[in-house]
Amino acid sequence: MAYYQSKPVAGRHFLQIPGPTNVPDRVLRAMDNPTMDHRGPDFGRFGQQLLEKVRAVFRTEGPVVIYPASGTGAWEAALANTLSPGDRVLMCETGWFAHLWQEMADRLGLKAQLLPTDWRRGADVAAIEAALREDKDHGIKAVCVVHNETSTGCTSRIEEVRRAIDAAGHPALLLVDTISSLGSIDYRHDEWGVDVTVAGSQKGLMLPPGLSFNAVSQKALRAAESARLPRSFWDWRPMLAANATGYFPYTPATNLLYGLDAAVDMLLEEGLDEVFARHDRFAEATRRAVRAWGLEIQCEEPRHYSSSLTAVRLPEGHSANALRATILERFNMSLGNGLGRLNDRVFRIGHLGDFGPLSLVGTLGGVEMGLAAAGVPHKPGGVQAAMAYLNGNA
Amino acid sequence: MAYYQSKPVAGRHFLQIPGPTNVPDRVLRAMDNPTMDHRGPDFGRFGQQLLEKVRAVFRTEGPVVIYPASGTGAWEAALANTLSPGDRVLMCETGWFAHLWQEMADRLGLKAQLLPTDWRRGADVAAIEAALREDKDHGIKAVCVVHNETSTGCTSRIEEVRRAIDAAGHPALLLVDTISSLGSIDYRHDEWGVDVTVAGSQKGLMLPPGLSFNAVSQKALRAAESARLPRSFWDWRPMLAANATGYFPYTPATNLLYGLDAAVDMLLEEGLDEVFARHDRFAEATRRAVRAWGLEIQCEEPRHYSSSLTAVRLPEGHSANALRATILERFNMSLGNGLGRLNDRVFRIGHLGDFGPLSLVGTLGGVEMGLAAAGVPHKPGGVQAAMAYLNGNA
Amino acid sequence: MAYYQSKPVAGRHFLQIPGPTNVPDRVLRAMDNPTMDHRGPDFGRFGQQLLEKVRAVFRTEGPVVIYPASGTGAWEAALANTLSPGDRVLMCETGWFAHLWQEMADRLGLKAQLLPTDWRRGADVAAIEAALREDKDHGIKAVCVVHNETSTGCTSRIEEVRRAIDAAGHPALLLVDTISSLGSIDYRHDEWGVDVTVAGSQKGLMLPPGLSFNAVSQKALRAAESARLPRSFWDWRPMLAANATGYFPYTPATNLLYGLDAAVDMLLEEGLDEVFARHDRFAEATRRAVRAWGLEIQCEEPRHYSSSLTAVRLPEGHSANALRATILERFNMSLGNGLGRLNDRVFRIGHLGDFGPLSLVGTLGGVEMGLAAAGVPHKPGGVQAAMAYLNGNA
Amino acid sequence: MAYYQSKPVAGRHFLQIPGPTNVPDRVLRAMDNPTMDHRGPDFGRFGQQLLEKVRAVFRTEGPVVIYPASGTGAWEAALANTLSPGDRVLMCETGWFAHLWQEMADRLGLKAQLLPTDWRRGADVAAIEAALREDKDHGIKAVCVVHNETSTGCTSRIEEVRRAIDAAGHPALLLVDTISSLGSIDYRHDEWGVDVTVAGSQKGLMLPPGLSFNAVSQKALRAAESARLPRSFWDWRPMLAANATGYFPYTPATNLLYGLDAAVDMLLEEGLDEVFARHDRFAEATRRAVRAWGLEIQCEEPRHYSSSLTAVRLPEGHSANALRATILERFNMSLGNGLGRLNDRVFRIGHLGDFGPLSLVGTLGGVEMGLAAAGVPHKPGGVQAAMAYLNGNA
């Protein structure tokens, strides 16, 4: 039973939106400890080891800034720390969240050049390269890509974007949103030469929302020296200065940091590679279920399949929102809605975070029973197909 | 991840033994409050409303004694309060727990007369009636029946036992163990004329183990006046005296009482009849899965099917314990082992407590995948069959 | 024992910095519930009642914006929503936090006109009025005042500031920081004609840090229409649009909202007036202790005494930081350090939030024993004086 | 705010009864983890290390039996495992709990020989020796002593009792109740030759009530072979057999075991000797406060002063219960009531468990203010005296 639930329902809620994800008890219990003095000596020790430890999750040896703010704030931080009013940024409109990021750039006084997609695949790397080659005078200051587009279930290939930028010989910064991929899908801040990685707490990191992150390259730090967008709360400089001794320039979200400490331990104990393999496996099982039902996966490009969520298209004339309402009502499971142009056209299954094979089977069972209950044309057998796959690979 | 887990495993553990059951967060959070003064005025108010409220779950208007002890203690309490050294008791050996109760009776100096079964059905009501009719001088002082035999998944018909005792015109007390049925399977202490109902916290009541109960009839209270088994900790009399004002004669398990308060609220908010219907539905879905797999249900008598657990027999030559080990290792689910003569022959699926349809699908999925992984001959399709049933009835 | 504590110490930590404060168990337990779908129907219902309920704490009937961010962010939001680059703001430099707010204004491209104080009293209302009267062409767009200066323990009289603005006939907005006063010291957003009230979760609201607030007047909303500081994360407009149905434009800090819901209930159950009276009483008891010790209170103006904290000056030649270290080491209590020019000169006793008379006695006892242990010249009897006062008034 | 509190009160409740004690957050959070399968492999590992680790607290290398029951049950277990109907036991009536133990012995069919005291000192060792010397035919089978009499605050010298038994050359078993001393007052099961140590979870072990203990000597185990009191739930033999592999013969109170694991870690991290020294220090500080108030300590024999609680006598004509009610109402602190013949004559201050110096100052402050508020004649200055002592020794 959730904190505020309108009617009594037996059994644990299945929170299968693509984030926030099901927070493991170990993280909730860590968060549930008394708040400590964020200026005291114990905090400094705690902060230092945490700031050090969290780098592993980004696969970086550089600094990771932690904001007491949700993921949208970390987007703003990435822009505000590196850019100046009127700067041009190249953005790949891979879906709703890429679109929102572009809206934010506009509001902050940047000029976004948009590379559209049909919302059924990741970023168009060739188009990025072409746009950069065309930008002879290097007016483009940053390339912004959403690693995993939460609205479509398409993952962009960041290493290819990196190569495209390099191939074009362009000095633009590479800013990447990993809000729904970090801790779920293989990601390498240093190796892929990302300048700012934007992340949030409530997805693969298995925390409630309320923390967000910027992993920052040396190049980004240099850019921050000359960037002129006004910034204060988001400013990396006082943050990094205070972080050096384990502290924060203003009050951090202490209890969420406790949770982060526990969550990073869990990821590292399982091993990042095993975490990614687990997500890959569950994603493939989910796609097999979708195909068995005879439904269409929103992502059309197999190389861009997301391992953290799957967006499923409904047959024409059927309402994804009605389906989700039926599933919530009957089976106590929340699924993600379609966003923007996909509203009512797709539903999204989150299969990320603290999630095991039986939770996945339950999740897919809820979808399969929901399709029948809501009268959506489909073939049964999705769960069966997923189990066959899981069992051969579990 | 459990409190003490030997290796990191992602996702919530499926605790599908037939108790202890998955404790809902609302109950855990209630238990997690500071312990209060068990002699202070707030405790008296708390105790009174709780002792009143808990009666509804037993469907009694008489007193319910709450022990700070696990269920085995409540068995002992039922015997020690009502019987005298050397007293004869009639016991139906419906399975392992009935057997343990009989062992306890022996240890306490009672003389148990055993009515055997083949552990594949509930109590033999005709045999009870016959034994009582034969007992012309009323040497039998109590009839002891396990309502739901947790080792076999067979539920005895207590209302029929009542009628058998009445038909025989026998004055014996009726003592019933509802440890794995209370709060899961329809049970009526008053209406069925039960004298002592024995219950525990860790099954349908959705609490951790550590509390147990005796619901007590007026006839049992009278028997307690002359019973001569030595008793102190278990003695109803000081307990009922203190309970009158909401207190306990010795320190109660305060934090478990907080949990009980929350758990009873949850049961009553859902409604007992809906709780029972939910368990019936999940049990039938489980049996359909078992049949689809081509496996055999331990309970042979449909009228005695248990709604809180299903014991499943393995084909000859296959080890239920090996299957359970595989399922635990691969799918992070605990299932019940076979007890006594059923060791390694059956495994038991608990489908009781705070449990919803998707948890059930996940549970059955774990069994189905486990059967394949462990090489147990079976047909796939069990989950499918369960979902078809659930969906028609959910 | 705190989450991360370098050495084992028996007994509960006394977190007597002037915030974050001791979070009550009821709030921690609320926060410890599973995260829910922030787009689902239950969230809308939850959000609406919470957004409505929280207004009472600000004593406003207008909107209260809740950010998933710490208090510093709410400062930035107040400026960014109402002002344009180059705008002049009048700021009263009452202490360290007022100073930080001014630094922020500078960073955001505003022009702060500073009215200094000696950090031993609240805002100089006459100086505000004079400055406004001088500003014939109304170049000053906002007057920024810290209600309760956490660095000095001086509370400014906001109702007098209001009257000064009115007396000057000046159209400037009134922005007030109540981070360490809200829920502790009488405050009236509507009655005092405040345009933006800035607040945080971790002080009188008894939550961990991570939420912050803007209560917003109609005049401020109008100013937001024409304000030109770039803003996106902090923008009130999409926030208020989403709040109308109980939702948020980006992921809210759900679990902290659970805590807020519990905390507001606690404040309203106790009654705001009683909450304020309790804080007044504890503050007076603390000052009596300080005087009995023969030490000097940082605030020199009795009309400006803070009810949420007391800053205490050390005799020349004695280190406040050494004293605090001794108290932390020996007595497991955290006190606030001196900030800015007061570093090592004062220590600060937080007596706000979920705090009762015996916690206060323990707190003052820790200070009194610490003074002796650290060799700070003082007279004993502070606790005695506080108890005498408390007892006459409790 | 407690789980069930009749009116809202700010600040943490001071639970200063001599048990249950204030449960530390670390223990509550451990208990708040999901219940695990008590028959699964992880439980066996958990159980073995816990059963091993807990021995250190009793200072024994022999077995410690853990019951899912409160302390009164462990008394019954000590008697039922070692004695036979009609056996004589020598009991020292040091106060209310010794009296209750004797009542229990009577109810179980034992013959208790009582050595009275005036309830103002510990056990009369000379009288024990005399009684044993007189018992030429060794009819006395056990000597039962309460180590720390919770009703009077008098601690018996168990090592002297041991010497007395040895001096008398008597083979009686030595059974000792350490319910309110274990983990608070120096105690040595092996060194002092105790045969059964009875303990509970809710005092020095810092847990909620619901677990209890028997530490058992080899001599006691031999006695158990021939003892004939009926026993089943309390029987050591199946318990020890199951414990050998980390399991329990019936369902253990799993979540309380999690708490025990955390609590024992806390005690061992602090170090038992430091734990005892801390309790000694706080007890002496409390007695100095009592003397400063001009009140009388119930314990008249300094060698028997209890380090876990202090019982304080009220002047003739004043009601201890009225005083406690005033303190609860005004200061949100629970104190222990007078028991049996001491009802309304004494109040008891618990200063044991997870308790630090500032909690002690707050506790004593609550008593001092309460004495004034309730009109009990006394001199102020108790807190002052305690602080002076603590500070010199902290």
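Order as written gives the chain letters A, B, C and D; numbering starts at 1 within each chain.
Note that in this section a contact is a pair of C-beta atoms (placed from the backbone, for glycine too) under 8 Å apart; a residue touches a chain by one contact, two chains touch by 3 or more.
All of these numbers come straight from a predicted model, not from anything done at the bench.
*Asks:* Among all other chains, pick the one whose mean CA position is farthest from the mean CA position of subunit A.
*Replies:* Centre of mass proxy via C-alpha means gives D as farthest from subunit A.
*Asks:* Counting C-beta pairs in contact, which comes out ahead: B-C or B-D?
*Replies:* Answer by contact count: B-D.
*Asks:* From the mean C-alpha coordinate of subunit A to that of subunit B, what's the distance rounded to whole Å?
*Replies:* That pair's centroid distance is 45 Å.
*Asks:* Could you work out how far the Cα centre of subunit B sits from that of subunit D, in whole Å?
*Replies:* 34
*Asks:* Please tell me the distance, in whole Å, between the geometric centres of subunit B and subunit C computed from their C-alpha atoms.
*Replies:* Subunit B and subunit C have C-alpha centres separated by 53 Å.
*Asks:* Could you list the positions in subunit A whose residues touch two or more of the other chains?
*Replies:* 12, 22, 25, 29, 32-34
*Asks:* What does subunit C use to touch subunit B in their complex?
*Replies:* Contacts found on subunit C: 25, 29, 32-34.
*Asks:* What part of subunit D is in contact with subunit B in the complex they form?
*Replies:* Within the complex, subunit D touches subunit B at residues 2-6, 12-13, 15, 17, 19-23, 28-43, 45-46, 67-73, 75-76, 85, 103-104, 107-109, 200, 202, 208-210, 229-233, 235, 250-256, 258, 261, 328, 334, 336-337.
*Asks:* List the residues on subunit D that touch subunit C in their complex, please.
*Replies:* On the subunit D side, the touching residues are 1, 8-12, 14, 22, 24-26, 32, 266, 269-270, 275, 278, 330-333, 354-363, 365-366, 368-369, 372-373, 380-381, 383-384, 387-388, 390-391, 394.
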